[in-house]
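Several structures are given next for inspection.
What follows is a pair of complexes built around chain A, which joins chain B in one and chain C in the other.
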Partner chain A sequence: MRHICLTLALVAAPVVALADTRDDKIESIVAGHILPRFEALADGADALSVAAQQDCDPASAPLKAAYGTAFDAWISASHLRFGPTEVDDRAFALAFWPDSRGATPRALNALLADQDPIAASAQGYAQVSIAARGFYALEFLLFDDALSAESDARYHCQLVRTISADIAATSRSIQDDWTASYATVMLTPAPDGVYRSDAEVLQEMFKALSTGLQFTSESRLGRPLGTFDRPRPARAEARRSGRSAAHVALSLRSLRDLAARLAEGDMSNRLDARFDHALSLLAALDDPTFATVAAPQTRLKIEIIQQSVDAIRAAVRDDLGPTLGVAAGFNALDGD
Partner chain B sequence: MRWMGIDVTVTDTGRRRFLGGLIAVGVAPGVTWADAGSPAFLSAAAQPDGRFVLCGIGRELDIRFTLSLPARGHAAAAHPLRPEAVAFARRPGTFALVIDCVLGTQMAVLEAPEGRHFYGHGVFSSDGRYLFTTENDYEAGRGRIGVWDAGHGYRRIADWDSGGIGPHDIALLPGSDTLVVANGGIDTHPDTGRTKLNIATMAPNLAYVQDGVVVETAALPAHLHKNSIRHLSVGHDGHVAFGIQWQGDGPAPVLAGAHRMGQTPRLMTAPEAAMRDMQGYVGSIALSSNGRTISVTSPRGGVLQHYDVATAELLASLAMPDVSGVAVMGGALAVSAGTGALHLIGADGTARERQTRLQWDNHLVAVGTTSA
Partner chain C sequence: MKNAFLSSTALIASLATPALAVEKAEVLATYADIAAAKYEDSLTTARTLQVAVNALVAAPSAEALQAAKTAWLAARVPYQQTEVYRFGNAIVDDWEGKVNAWPLDEGLIDYVDASYGGPSDENEFAALNVIANPVFTLSGTEVDARRITPALLEDTLQEADGIEANVATGYHAIEFLLWGQDLNGHAAGAGNRPWTDYAAGDACTNDNCDRRAEYLVAATDLLISDLEWMTSQWADEGAARGALTANADAGLAAILTGMGSLSYGEVAGERMRLGVMLNDPEEEHSCFADNTHNDHYYDGLGVQNIYLGAYVRVDGTVISGPSLSDLVTEADAALDAEMRGKLSTTMMSLGRIKTAAEAGFAYDQMLERGNDAGEALIMGGVNGFIDQTRSIERVVSALGLDQIAFEGSDSLDDPDAVFH
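Coming up: the complex of A and B.
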């Protein structure tokens, strides 16, 4: 056995040789991927709030259309979970899902039953349970058979308007923080900054890609799949508005864009082909809410889609991760 | 009497045969850890061929036994007297194996009840009669403690509230049967793997449980509610060192602390750069036998850190790729890594290293103490 002195090397940030395009990659992702997504979210959420002011009836076609556009924008940005989205739990205030314990309908039913005056303004509403805020709560009010047909139309209308205004305010705050400061934070890492180096910025972006893929596989697809013996179609994301499969497609397209900006050369092409494969399998499914997970034939198709997303995850972890200095050790990857 | 699936009738001649059988499976009085090569630690690992094993590791960092596991392990629990180890599948596993470490045979299989899964940790009562396991009642989203009768084929005999959500590590306070549980606060459901379902509202705690009753819980200040308390190490004087995994944005504010029943948790601090090197993640924790030093590992950062309990400040930070397991042995500290490295750091600062061909998994579990 070898004796070594305890003066092992003091810790240094992992330094990884990267192509000198590191700066360019960060700039491309901030300017071409992140900022347009949060701008689209803020604009879409504003339009949603305006539409709700004009017509709060759950049957209103313009309101539903505006809801769809804004929700699309959120799903396309939903993997970017760092910095401005995490201040005051803004991302959760926009998107409280999965809601495994049914907290959202419970909180909405309580508000409706009590005619709680806290719903009078978006500022006040920011204080209610996070489960009663955001796109998934609004989906219940607009699309759920019971909650959209609430008897007191006046309070229901106020709730729709307030939640829409709250979504708009939250989205605008995220967008403002990105343009006012966080874009600069990512573009100019500094020893005393949020990010100490370009490598750390790229690692944050890599994490967004890998956790985005994980969420789409495990939650968007995994929740309705459940187990073979117990499929759970009622757990599909946003099934009331018929958006479940569309969310998988939106997230994959957005993650494909991010992957293409992080990877280089052949690896970039290989990843792109994997995304194309997953998206084409999804397009061929023709089951917008994964309602057929209980039927063996269709279930298999959805499982194969999930496997195709997991294949992207494996390629991202094994091929892309090491080029960005992400620890890929036995324990580092296990995480428990 | 039913034992390992074999019905045994105890008659006079049958009794002799039965006792002979017990000796053969290593559970008769007198069979001790010495018969299993006196391992100082247990650890799960992966072999170069990809197969998973549970190993006994000696005081000289030599491998005393290697036993096959059907899947990747996580932590283990060592019986305080008999050479029996419980190897847990990694979360969200639904089985744990009780292994005779002398014969290498499987003595019992613990299966999580319907609607439950294990978290990968467990601990024996001080007399070795009971095994306690952390579990998820995943439809209810509540943490549970399973109680198993180690003297009777590991029959499940009770089921307690863990005092929170997402219980992970569990340990015993010295000289008592008071359990301390790290309720990590994170709600998960096996349908969605390890996806975290409640980060916005998570509320971790340390819970102390006596005879199925939660007698005390200790939480961190509200602004630290995204600090998932995961791993424990208990000192001889009842101090509980706890390791944290940060679920919030940006650098973790704190990753380790110490608590004693009836008091407020004390939090270990480090300069920001050293804290960031840990990447918000503590994999394992060990409180030194003199109670003065807390050591934590971060496989993500590839860092081992030591904290001075008295001042609550960082003492040293060392680079060790994929480091994870850490446990005390007398005045020394043993450390394992996914790279195959095993280190033994003496109280005088000298260190020994042995390189193996195994990928050591998450935790080193000391044999001969009651903490897991």
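Coming up: the complex of A and C.
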């Protein structure tokens, strides 16, 4: 409790001024970076569920707008994969992507074909395959040519409402756990706790930064890039809703905030400049879905954006990590 | 943190002086010796499989098919225990996809059920069926597959069109050729390929029995030559052993990288948790043979026996020597106890999955939507792997390897080159 009050007082102060000790950094990140993001996600997901209740038509402008706001909030929080997001597979249930097996359209088609009554309530729907839950499944129902024009409008509508309500419930659970307990867990490491020391807490945060950068480079940019001989524009993230490049920008802005709170002094400035560089390259691209990865000229631009993200990764690993005295550790992307 | 490192490094250095202390080089030697034994055991058991496959092809019968399946299952026991050598050793990683790639779009190889579907967005060759098509076009080039040879599988079909799911070689391709698709959904039961898929003349079912046999023999021969190659890399003058022992700290970091990456990202994540979350019976590591419970079990055992520095060979002899556990005990005895405890807990959880599966509760069934008991069993294994990974990270710190570990797996561009 002491920590919470302290951090609330400190949030208003500039980040750089308070990033003196390890403890200060942790408080700044929990109060200034993590909690606001999960609050925005919970609020945005609530609004999405309300909008779907009011109008479940895939053509509804308010529904699409609410979807966009909530999805933005998730992308901005999507690197924070520890603690409450990992309970009951919550993060997976919000965001199952990449889907290299095509499981999402397959699972949705099966539900629609069977008129599966499991979609009657969000509570029951929590048992369904993660491939048919969350933002990426909803994208198919709202934006995919075939799946948004499903013949049985009644069941389609129910599915849109239930998936939205499920997203809202999951997001609220994450938010509740953060405010009720996990913020305190991170602020008060103990020998018998989840984190034994400030160093372990910082390592978790550092891992979130490095894994987030890795995911943006390898998946958000690397999947559509494919190889020069075999570019894969159809693999771009959320291309049906035209959000691919926007997700790269959202994630970089969010990771820049986290990096600024972890780094100090000159290094902070250097990292910030690298993020600025990547973001300005992206802003100049004008290709929202990376559809032009097959054309040599534009492909090169997207490759250079990826290289600029990899340059941030290298700086984070080689400069920031040793300064903090932590290393990246293992992450969920370590497999193949 | 810098100070903490300095003092712990100094502590290790001072403890390293007494005569009884464990030398890092000895720990690396044990690890390499166990690698050599595991790959040699994999090779020995694969040769037994080869004998059984050749017998099946020469004189097809239900008994001969069953004998080949039995040999395949036995061959998996040592091989799965080698997976802990991935991720840390580049030489293993670069090679591994040839023998154990998964998941696969099996329609590339042979006939499949109508429910499998055809070419997909991700893979236009998902239903190519090489066995039925002696000539076909791949990425604009006509391929002559009238003879199915190891070279055809290795050079042309494997990862055709740059798609990883186009798996033409290795254990899982052979598994598919022996068992066939598992069409039981979430019900118990493995694939049920009839032995007559290899029968001669009119007795042949599902056509092209001679080409199917040719494929099976070629894939098995290739597995043998690949395992021979890897076994030699771990011999006394082998390249994998040389790379590992070139720098003692980097070698230790490689061991721990393999242990942690296999535990967390690969087995706990990609192979176990994803299957539960997708409720998909195809998300089984050995989905044709229904041997997934053993895949997970022996992966876990491989991590544990590397840490403890003792491996039981397929002939019952034990290879053992100075271990990572000994080294950690000198640095932090409590951490060693924690690490051993976590590894045991994981093995207990994986043992529960294995015993339940062997008693008739198939892994397919555990994955079914709403099957709470199955989900609890699998998540027990997942949680064990994730929890032991945290202790592996602590071991990395305790041995002062933070800035060495975790760097080998990423191929980042040189940041200076980008900005100049």
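Some notes on this structure:
In this text, the second predicted complex is superposed on the first by the 306 of 336 C-alpha atoms of A that agree within 3 Å, B and C clash if a C-alpha of one lies under 4 Å from a C-alpha of the other, contacts with A are read in each partner's own complex, and residues count from 1 in each chain.
Methods note: a contact is a pair of C-beta atoms (placed from the backbone, for glycine too) under 8 Å apart; a residue touches a chain by one contact, two chains touch by 3 or more.
Nothing here was measured: the structure is a model prediction, and the numbers come from that model.
Using the contact criterion defined above for the overlaid structures, shared-chain residue A:Gly83 touches chain B, although it does not reach chain C. Touch criterion met: A:Gly226 reaches chain B and chain C at once.
By the touch criterion stated above, A:Ala199 is placed in contact with chain C alone, chain B being left untouched. Of the two partner chains placed by superposition, only chain C is touched by A:Arg317; chain B is not.
Contacts of A:Lys64 after superposition: neither chain B nor chain C is touched. In the superposition on chain A, contact of A:Arg172 is made with neither chain B nor chain C.
In the superposition on chain A, no contact is made by A:Arg240 with either chain B or chain C. Shared-chain residue A:Gly325: touches chain C; no touch with chain B. 89, 92, 96, 100-101, 130, 214, 226-227, 235, 327, 329-332, 334-336 are the residues of chain A that lie in the contact sets of both chain B and chain C, per the superposition on chain A. Residues 1-2, 4-5, 87, 103, 120-122, 161-162, 165, 260-261, 263-267, 269-271, 273, 277-280, 369-370, 389, 392-393, 396, 402-403, 405-407, 409-410, 412-415, 418-419 of chain C are the ones that touch chain A when the two sit in their complex. Residue ranges of chain A in contact with chain C, taken from their complex: 89, 92-93, 96, 100-103, 107, 127-131, 199, 203, 214, 226-227, 229-230, 234-235, 307-308, 310-311, 313-315, 317, 321-322, 324-336. On the chain A side of its complex with chain B, the touching residues are 1-6, 8-14, 81-83, 86-87, 89, 92, 96, 98, 100-101, 130, 194, 196, 214-215, 218-219, 222-223, 225-227, 232, 235, 327, 329-332, 334-336. Taken together, the chain B residues at the contact with chain A in this complex read 46, 60-61, 74, 90-91, 120, 141, 168, 187, 189, 191-195, 197, 199-201, 230, 248-250, 273-274, 276-277, 281, 283, 299-303, 317-324, 337-339, 345, 349-354, 359-362.
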